[in-house]
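Pasting the structures here.
Two complexes, one shared chain (subunit A), two partners (subunit B, subunit C).
The block that comes next holds the complex of A and B.
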């Protein structure tokens, strides 16, 4: 190893660098070639090349759906889909981002819905334009079974649609590929809310707690604690009982029940 | 993809020391934890919050004399995006009852509650509606819903976790409203994890005395954001959403009330004057300042905008010197950099190791201490591991979990992490992970009371942008609750304030003129221009090729 007087170059923050000895590969951003370090994500590779995102970047952690990207590799007809923040660059990839897709969204009042699928069908009649081609599922960067939940909804199975679509990040790639022009991710959002509001049982223990709070049961306790000296507060904190890890939900009760 | 041959070579050193380390762990022989003095020493030398070198006293404004990290001070001492004396405030482009600045979880909840109370609302977003740290929160949301629990214990756990430095009226508000927030979200149609009878599934979190963490899969924040955003969209006649149009300055009126804001269209570079009877500040945190060069778990837009705007309008802040670093953020592969690796990995027995495969710390020190020890090992002792993208990391020896608890434990106990790494060709039940501390949460923020009022009449605050709820250390699951509790309160209180009769007088930017005079008098040369809106990740090489010195000012198109 040769001696060096300069400090080693570290990548800081989210800024990518080309470390000594690392190699670059060519990628094509909307048809134009850039040399970028291998192993970077598409997002960081584009920033390395000098792009500054306004659209097409969000959480940078694969959950917000801001950076859907379509790409193809040189010499291959096949289209691939991914999130720019989660997909690693490959040599000679041709890519374009689709940061927004103009999908239809129906407005509704959750209070006027019910657990029946008819209302969903009425809001989104285009649901029945599905020809089961499955391009939506193939385009999904989250591996959601899009065709599966669309089919479930056509059959009126809201719970199945809600559960199958739970990982959806609403990036819109499904809708961009749909020959039936269906806004899958908006319909899935409606299905999940209807399921949670009208089909999944509501929490009864929560209702009682809300009633107690609204009746002012805890106001005085909280006032007292807000006025306590730090020492007293610390002592109360240290002395508090801890609910054991392995007990049936709702079954354990502490010795001291005056503050429940 | 997986590890490069160079990294695979280094992993052999980890494998070489593993049998002996596992044998010791089986005998309950652990690397010794630090004494209290030892903790203090490593914190003061290596924890970014404690190091004095990159800190600076702020010379102007409500927090004058307080000391913050250099990057924070520079933004508090910044000047406006607009020349305040040149702005024609006579031309109002939009009028509304409530202007919400920042449509994350807090802002969107505020918008819904204000609309419920009959107010017209505009939500101004820097990026898309919902782009926020809310959407990234995985673990859960605290609320004392169980019979064995109550707001009393939620208060106690929260204030103890914050080393009793929390603002108490805020903690009381959080503890009291938490179950109401859950009931509200349930009614809006949020898919909580539930038992068959509808009871919410609850878990413990670090520092909780009762199981209080409710969740929605491992994407609780995303589910909250999806539901409240969808609800806001259903109320389009009351709530207008403007995207890629951040606020860059607050407007006051001649009586000194908050009276709206100037918005900036980032796509067309136009400015808009919005007159509003009340303003809700909900812009989130500052992770993207990358304090001291740290990676972050935060969203692209987390750049401290709200604190900056409020500061010029006379609203100070508390605990802003305090930042939560998580000791084990990912440093390889590049696509996961900065993302969290749960404490559970170390809880299951995984050791933290240096480039020689040797232990250098007790793996379950408090978060701040553990972070400082990792930084010390990599930076001061030079025993970090360099990744192909120029990052530094230390090993987290997950494969030893399999030896301690049996084959298949990693996949069973850490399913999300297993998949996240498997996607990039790394099997964490067989190969260790590379980790380094990551910037996670802005503990402090602008001063509000339990009803979200600031000292500026008509300005309310909610979410990560406010300070005092968590003191100097936040418990898991309290940030999502902070967002809903104070978001809802801000919307309700803004509406009540308006109902009390608000008449906006002549609009004014005098507070900005005055603030910039103070900057000049304090001798601050070349202040930054802020809010900075987005981080700049251009490399030095690209920046140089933009010819900053040789470029003629006024060149068309730039």
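The block that comes next holds the complex of A and C.
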């Protein structure tokens, strides 16, 4: 996940620069104390402390799910959960990164499934080991109702599971806390795929556009553009017709309508 | 009138025929059914290990959902859900130490101490509607249908939560007689269907179930009424295989009691989802001409 170097004297790359006069707070990473500037996120604070993330860091924007953290505060037995790139350090927080969790992931061919819950139950029979302890929901850094979608799947309600799990970022903290060894996040992803493929109404305009693309309607335009010089391509981009900002919907049409 | 209702996972999938018919019947009787919010699995089987409290968390969480909705009664249908919910409720009411441990573990929930009463659908109908009033609502009397009441274990055992004492079948009998059917007693009415034990047996070789079907057929019973998806699986869905293996001489169509109720109330048979029963169940009702009016 990460390796340590000596405590930094100066800022490089992503490493935070400590402003003059900024106060520092103690945090404990994997049991060892580090003085880090307050107001930093856990990820920045760890990098300030000398850790370098080779894995376990991704978008740094709170959406890729690569950097889940489990932490506790001094004097409190309660565990807390967050994303290292989003959670701001607090004094005396004890933390560890869980960059990967070895949860079971079934292999399947979505084209050979159906919109019935039986197939999901067959791929993940451990779903029925749930005892409704709700530790999964408590661990979710995205506030997803994990027990809710697991219950929905046991009830055969794929749509409800897909909708309840929509905000899941696949960090795996739910599975890390599950006494039933259920890989909740992988099951939810399957539910969303089954929902999209077999249950949700298909968009007709998308189908017709894909047919047009496959029939080669845009091939010539793309060939022309890929053959252009960089200067010509830039000029084409700058000169392109563009819908004006804040225009009344439906009131603007481009001059060139050959691809509409 | 409005009731808080707990369905159960199987009632949304394999035993949807139990639920759909039951809910439609209550609505036909003018009772509004409010499914509790965010319910989870009932636990399926009540854990008998004295220190195994984690398996009571699921049922208690459902009871908390009902309490949050302000319900004083929670009506449920499936015998196994009824049993698990009622026993967990009793534990929370009576055992102060375990109640405290469970409430402390569920620090994400309000405290619970058995404030909600778990009521089986049959009991609810008997107490809130009554068999005489129900009889007045019957549109298609099941005249001439010889029915056996098959309660299964979890509706009556243990006595503390049983809807009535062992050997007594007055609630389902009262219901079926109000619908115009003839209730016929049979010797194996209180025997276990084989429960989950049958998973280890070859299909159609569940001697517990074949003994019940043979006993019912011998008493001249044409249809068995049950309240439990597991009993229905063992007695109904396995029947063709029992016939093929000659474990039983003749079939006895099985129904959920709610399906017979819905048919008698003249409710659209589509809502009874007979396609989830063994094929002979629907055939029997057609041959008796009960579905003609719908």
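Just so it is clear, the second predicted complex is superposed on the first by the 194 of 260 C-alpha atoms of A that agree within 3 Å, B and C clash if a C-alpha of one lies under 4 Å from a C-alpha of the other, contacts with A are read in each partner's own complex, and residues count from 1 in each chain.
Definition applied: contacts are C-beta pairs under 8 Å (C-beta built on N, C-alpha and C of every residue); 3 or more make two chains touch, one makes a residue touch a chain.
Bear in mind the structure is a predicted one, so any value in this text is a computation, not a measurement.
Asks: Going by the contact rule set out at the top, does A:134 touch subunit B (first), subunit C (second), both, or neither?
Replies: Second partner only, subunit C.
Asks: May I ask you to decide whether A:179 touches subunit B, subunit C, both, or neither, giving the answer as first, second, both or neither?
Replies: second
Asks: Between subunit B (first) and subunit C (second), which does A:117 come into contact with in this model arrangement: first, second, both, or neither?
Replies: Touch status of A:117: second partner only.
Asks: Would you check which partner chain A:154 touches, where first means subunit B only, second means subunit C only, and both and neither mean what they say?
Replies: The second partner, subunit C, only.
Asks: Does subunit C touch more residues of subunit A than subunit B does, or is it the other way round?
Replies: With both complexes superposed on chain A, more residues of subunit A are touched by B.
Asks: Which partner does A:104 contact after superposing on A: first (subunit B), second (subunit C), both, neither?
Replies: After superposing on A, A:104 lies clear of both subunit B and subunit C.
Asks: Of the partners subunit B and subunit C, which touch A:211 in the superposed model: first, second, both, neither?
Replies: Neither partner.
Asks: Do any residues of subunit A touch both subunit B and subunit C, and if so, which are they?
Replies: Shared contact residues on subunit A: none.
Asks: Within their complex, state which residues of subunit A touch subunit C.
Replies: That would be residues 117, 130-134, 137-138, 145, 147-148, 150-151, 154-157, 179 of subunit A.
Asks: Give the list of subunit B residues in touch with subunit A in this complex.
Replies: It is residues 1, 4, 127-128, 130-131, 135-136, 144-153, 155-157, 159-160, 164, 168-169, 171-172, 175-176, 179-180, 182-183, 186-192, 194-202, 204, 209-211, 217, 219, 222-223, 226-227, 230-231, 233-234, 236, 244, 266-267, 288, 290, 293-297, 299-300, 333-335, 337-339, 386, 388-392, 423-424, 534-539, 542, 545 of subunit B that touch subunit A.
Asks: Residues of subunit C touching subunit A in their complex?
Replies: Listed in rising order, the residues are 7, 9, 12-13, 38-41, 43, 54-55, 57-58, 61, 105-106, 108.
Asks: Taking the touch rule as given, give the residues of subunit A at its contact with subunit B in the complex, in rising order.
Replies: Residue positions touching the partner: 8-19, 22, 37-41, 44, 47-50, 52-55, 57-61, 63-64, 66, 85-88, 105, 107-110, 162, 166-167, 169-170, 189-190, 192-197, 200-207, 209-210, 213-214, 218-219, 221-223, 225-226, 230, 233-234, 236-237, 240-243, 245, 249-250, 252-254, 259-260.
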